[in-house]
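Chain naming follows the written order as A, B and C, and within any one chain the residues start at number 1.
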Amino acid sequence: MATVSLRQGAQIRGWLRPERRLQLATLAGLLAIWETIAASGLLYRGVVPSVTGIVTSLATMFGKASFWTNLSVTASEIGLAIMIGGTLGILVGLILGGNRFLGAAYSPFVVYLASTPKVILLPIIYLMFGIGPASKIVVGSIACFMPMAISTAAGMRQINPTLIRVGWSFNLTQVQMIQYVYLPAMVAPIANGLRIALGSAIVVCLVAEIKFSNMGLGQMVIDSFSRSRFTEVYAALIVITTLAVLGNGIVDRLARPPGSPAPR
Amino acid sequence: MRMLQSLDLAGAVSTRVSAASRPPKWRARPWVPRVVGLGTLVCLLVVLEGLCAAGRVNPFLVPAPSTIIASFPMLLVEHHLPQRFASTIAKVCAAALLAVLLGGFLGWAFYRSRNMRLAFRSWVVGLNASPSILLYPLFLIIFGRGAGTIVALGVISALPPIVLKTSEGLLATRRVLLDVGRSFNLTAFQQFRLVQFPAALPIIFTGVRIGLIYAVITVVGVEYLLAYGGLGELVPDLADRFEIPAMYAAIIFVILVSAGFQFVVQKVERWLQSV
Amino acid sequence: MTIKRLGVFPIIALLIVLALPLTALAADRVRIGTAGKGAWEAAVPWLGQQTGIFAKHDIDVEVFYTDGSTKALEGVIGGSIDVAIGVNVANFIGAVVKGAPVVMICGIFTGLSDTLWYVRADNPIRSVKDLTENSTVGYGTAGSYNQIAGLALLDQAGAKSKMVAAGSSSAVLTLVMSGQIDVGFNGNGLMGVPEFQKNEVRIIARGDDIEAFRGLTVRGFVTSKSLLAEHRDVLLRFVQAYQETIDWMYKDQRAVEMYAKEFNLPPDEIARLMPVFYPKSAFGIQPVNGIDRSVEQGLQFKRISKQPTDEQLAAAFDIIWTPEQK
């Protein structure tokens, strides 16, 4: 007679939890609708391909060297954009958040520029920086700078004053204050800003690659689309989305104190 | 000696503390920093004008601010700036309205059903993180080259923050308010209408504000990618015609429009939070 | 995320940025920008590189495929591209009138023999006479030769149809086949296009039909004034190598085979159709003919904002070499 331990029982029950069943049922339903549309021939051929076609394309794509080259180009563009834009954003945010006068004078510019769609800058950035990775890094940095500056400034303004007084009581210099008091207290707001910056940089860099680039995942998507290779388009979109969600999840983890549960 | 030193330290700390708690001199005149900010901008523009006049910058890529301002009339008349502006705003409003209706309903559903919330919240968070604008070529084929495609993509990008904030707001209603409602024997619908929804409104509106920003970014982005009209098509069109001063003027116009939009929405949000 | 690690980030960023290859015209490296990836005309740099003809002239090319020739021209202005290939003459003059510091160093194609307009086979439109106000005609990108050619086609036929930007020839095909637009264009004579081979599309007009373009140099090479002044000898060798490649493409059967293999096209069809759509008399390094007519077209179709002065036109064209000069 097979026996099951309490923990195994709990794990099995975990998979049958109502929300899991709901997720699986919804997923199955969506897939069924998808396959029906794919097989119906209602839409232009191949624009909604069968799932097997997409999976095959995915597998083929991972085997191509060009995919990995494009992936590394895009990843390095976004990575550099985050580093440059993020660092500048944090610096400016520290200044604007730390000094009330400067904050009152210059924060509005940053806040209002942040709500502007960055794609509007792409034509001028292309004219100035050309077709290579430099233009994507520049526009990505601009897209990262805004949310990082805003969240850093906001974080500065809401640091617990007790922590600041403790720093003063140790007679720390301004640089030491930044290093030992301000920045550690702002890990959560900075990580939150980083999450927005990452999403913004991904969108803006990919759009730039679609419009003017020889390399990168964005260019790969539009190239496949213009040759009507729709399964490749979906495969590339799946990879891009998965990486974006993973990146978001990693930054989200950083924003939460260790050990705290995910928000419900 | 050490006692004296620690007394000194206490003095130093208390000086810094009292300095921090004393309101700065300009607080009585809040317009001072704003003037300084705008003044800095004006100074930078004057410096740029000077550099252009002296021939120190490439005049083709960085035109003088005076030529940019001078190109506004041409932008209004020849390039139909008001019509393009109206076209973009119309699409943004349509996307925002649909997103509020659909997102509000889904957010309420998340609030009512714990299972739905546990099952699909992570999916919505994932949708929020993914660059949904990349679906545009497929939407182009499936839905055609029109405003419908643009609005549909705008709705998809605006949906997640509205859904998440609506459910968060409704769930965060304080128990004491619900208890007061129950003590008045309110029905479930009255409870929702008179207690929960008003209490949740500030948080819900934050979601709407973020959704609006995403809708603007997506609508303008897809107009740019599809070259379909509105402000998103205007800027690259001007670049392709090498009308560089007019292109800068159009970019500035878009920035001012977004800023104005943001300003109004923030004022409404603050009013809601104070009420 | 400790503070020490945060401090390292800016330094790493700076190092990587500095390590990014800086762009400059190395002694013999030419960065080419061209649209129309996959067309016979756009395959010249690749073929010249593969066969070593460019290397023989001490030239190394790097090819950037842009979304339309206007983007290649903008790349020249911004300094990331050295020579933009296949820029429409009227569009180029439009840029000159606006003050762009660019110069056209030679023409490359006369007439429009390579361009066709087609509809999906089940579309009732049979010729340009059937085009109405509600018909939609696709073109590539703003400022491309196919935009002006499309406008000229409609003008000649007296049709008031709407022109729709679609991107590349292949993107236009997708839009036509999915029913989003009525008429598409193809800049490569529809060579090797499966839909054409299977009679799923029907040709309704040819570039040769348009009188305004007969004998007119439609496209040329554009570079920046500063580059021409500093590296005239390199550009001269580049243009000579380019012509030698074109000569080889029409003499040697291997050209068709290599081209067909690279772009997945049937070689016998290419061998048969290519001389029809790309006659050797039209395709090659040449002086720019019919500048006045190009200016007229540019003004009529609003690619040129105002009449260029004689000084502007004189400064805009500097024909670096023609095959007759040898």
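Keep this in mind: contacts are C-beta pairs under 8 Å (C-beta built on N, C-alpha and C of every residue); 3 or more make two chains touch, one makes a residue touch a chain.
None of the values given here were measured: they were computed from a predicted structure.
Student: So which has more C-beta pairs touching, B-C or A-B?
Tutor: Result: the pair with more contacts is A-B.
Student: Which chain maximises the distance between its CA centroid and that of chain C?
Tutor: Farthest from chain C by mean C-alpha position: B.
Student: State which chain is most central when centres are taken as means of Cα atoms.
Tutor: A
Student: CA centre of chain A versus CA centre of chain C: separation in Å?
Tutor: Chain A and chain C have C-alpha centres separated by 36 Å.
Student: Counting only Cα atoms for the centres, state how far chain A is from chain B in Å.
Tutor: 18
Student: In whole angstrom, what separates the CA-based centres of chain B and chain C?
Tutor: 40
Student: Residues touching two or more other chains, restricted to chain B: which are they?
Tutor: 61, 141, 236, 239, 244
Student: List, in ascending order, every residue of chain A touching at least 2 other chains.
Tutor: Where chain A meets two or more other chains at a single residue, that happens at 44, 47, 126-128, 211, 222, 225.
Student: Going by the contact rule already set, what residues in chain C reach two or more other chains?
Tutor: Chain C, residues with two or more chain partners: 74, 77-78, 174, 178.
Student: Residues of chain B touching chain A in their complex?
Tutor: Chain B residues touching chain A: 9, 12-13, 16-17, 20, 24, 26, 30, 33-34, 36-37, 40-41, 61, 115-121, 123, 125-126, 128-131, 133-135, 137-138, 141-142, 213, 216-217, 220-221, 224-225, 231-232, 235-236, 238-239, 244, 247-248, 251, 254-255, 258-259, 261-263.
Student: Sort out for me which residues of chain A touch chain B in the complex.
Tutor: 17-20, 22-23, 26, 43-44, 47-48, 100-106, 108-109, 111-113, 115-124, 126-128, 161, 164-165, 168-169, 171, 199, 202-203, 206-207, 210-211, 218, 221-222, 225, 230, 233-234, 237, 240-241, 244-245, 247-249, 264
Student: In their shared complex, at which residues does chain A touch chain C?
Tutor: Checking each residue of chain A against chain C gives 44, 47, 80, 83-84, 86-87, 126-134, 137, 179-180, 183-184, 187, 191, 211-212, 214, 222, 225-228, 254.
Student: Given the complex with chain A, which residues does chain C contribute to the contact?
Tutor: Counting only chain C, the residues touching chain A are 1, 3, 6-7, 9-10, 12-13, 16-17, 20, 23, 33, 64-67, 71, 74-75, 77-81, 167-168, 170-171, 173-174, 177-179.
Student: Can you tell me which positions in chain B touch chain C when the two form their complex?
Tutor: 59-61, 140-141, 144-145, 227, 236-237, 239-244
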